[in-house]
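Pasting the structures here.
After this come two complexes, each holding subunit A, first together with subunit B and then together with subunit C.
Take a look at the complex of A and B:
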């Protein structure tokens, strides 16, 4: 079931605080993969934890409505030795 | 004879069914189009006169996105996911299931026919 519109998009309160504090520039480190990307995040860079590392995520307009975690894969992409044509990323 | 949105409709079927040969029109959309165009749903396609065909055409054009336009939109939506670099886009790029299904087994619709792995021993067949 989809989230009620009345509540608005979910953004972790602590993330929101961090974003507001580092106005404009400045990279925000976060574990909050579940937070929705809101229009105010466009043009900012987030370092999103993938369980091991912080993946840099530069937010563009098209990403609005997705969640931060969608851009920081938690799994290694598999490939076999001698695999011809390894797909880019 | 009746040509709507670049598709030839089968002559011998009821118009309600014939319309579903158009990409983007299923049974319920076909019914709605018939009602909008005020054409009896059960009428055979070859019995339609010109004005009825025109009405159907207008009804589809003004209410539905069909055929090429719809396919293009579909592809664009996928492309957008791929360009933005999100998880769903990555899955599309790799040709794997997008909505969290298992891939250990199955997932053949997305992955295509099984590929043999060189040097892999066949499991012994049970007696």
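Take a look at the complex of A and C:
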């Protein structure tokens, strides 16, 4: 069952406080993987804990509505470099 | 087409990392082939190979007229007839027709082999894009000259890619963003970053890889 619209998106209170305090500058460090990405987060970089490390996650517009934890994998996927390419964003 | 003596097709990534930047670049320059996938099984009776690619797509493999299969001490070059339909562009698992592999028995003999293509076939990339193989092993430093370590791995997340910079037991996770990566100098083997406030502090606290 989806979350009630009346409540609005879930964002950890401490995370929201940090975001407001840093005022668009610097990196916000959080363990709250369950917090939803809201439009106010776009353009910010979060350090999201994956159980071991803080993964840097840059929030873009198409990530709104997803959870922060979706972008900080908890399992390490090893792969050959092959002809893989890295694209700066 | 012919059997060649067993040679090291591609330098070990670990070996590159432990060597100096000049040595690793020299080793990389001597590599004429780049491994792009692995043969997973034979398909059908006509000697078709099913190859799982390391990358997401097969554009470079499609452009290559010759490939090399390596299995244990066996290395052999094959040509691909351009008239063959497969592999199709955009697939990560492809069927491969090779001249010289004409039946299932010959195809099964190469199951588990690594598939490599010539380096010169790799398509040039636009600005802001780099092949992983070019970045891994480069040294990383801040814009003010502070050395941070060497790029050891690259992680893909759902968002930005992440460069894993290691200096001893310490790991730094650098997001591959235009705002963070100031300059990539492949010639001299350096990546300069302009870390935003808190990036290096957070990693110093929690980025110890045990």
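One rule holds for everything that comes next: the second predicted complex is superposed on the first by the 77 of 89 C-alpha atoms of A that agree within 3 Å, B and C clash if a C-alpha of one lies under 4 Å from a C-alpha of the other, contacts with A are read in each partner's own complex, and residues count from 1 in each chain.
One rule holds in what follows: a residue touches a chain if its C-beta (ideal position, glycine included) is under 8 Å from a C-beta of that chain, and two chains touch if they have at least 3 such contacts.
Here the structure is a predicted model, which means the values were calculated and not measured.
Trainee: Which partner chains sit in contact with A:79 here, subunit B, subunit C, both or neither? Use first/second/both/neither.
Mentor: In the superposed model, A:79 contacts subunit C only, not subunit B.
Trainee: Tell me which partner A:27 touches in the superposition: subunit B (first), subunit C (second), both or neither.
Mentor: second
Trainee: Once chain A of both complexes is superposed, is A:56 in touch with subunit B (first), subunit C (second), both, or neither?
Mentor: second
Trainee: So, does A:4 touch the first partner subunit B, the second partner subunit C, both, or neither?
Mentor: A:4 contacts neither subunit B nor subunit C.
Trainee: Counting residues of subunit A in contact, which comes out ahead: subunit B or subunit C?
Mentor: C
Trainee: Between subunit B (first) and subunit C (second), which does A:70 come into contact with in this model arrangement: first, second, both, or neither?
Mentor: both
Trainee: Which parts of subunit A are touched by subunit B and by subunit C alike?
Mentor: Comparing the two interfaces on subunit A, one with subunit B and one with subunit C, the shared residues are 60, 63, 66, 70-71, 73, 77, 87, 89.
Trainee: Please output the residues of subunit C touching subunit A within their complex, sorted ascending.
Mentor: 13, 34-37, 53-56, 60, 117, 122, 125, 128-133, 135-136, 154-162, 171, 173-178, 181, 196-199, 202-203, 206-207, 209
Trainee: Inside the complex, what are the residues of subunit B that reach subunit A?
Mentor: On the subunit B side, the touching residues are 80, 83-88, 90, 93-94.
Trainee: Spell out the residues on subunit A that touch subunit B in their complex, using ranges where they run on.
Mentor: 60, 62-63, 66, 69-71, 73, 77, 87, 89
Trainee: In their shared complex, at which residues does subunit A touch subunit C?
Mentor: These residues of subunit A touch subunit C: 25-27, 29, 45, 47, 49, 53-60, 63, 66, 70-73, 76-77, 79-89.
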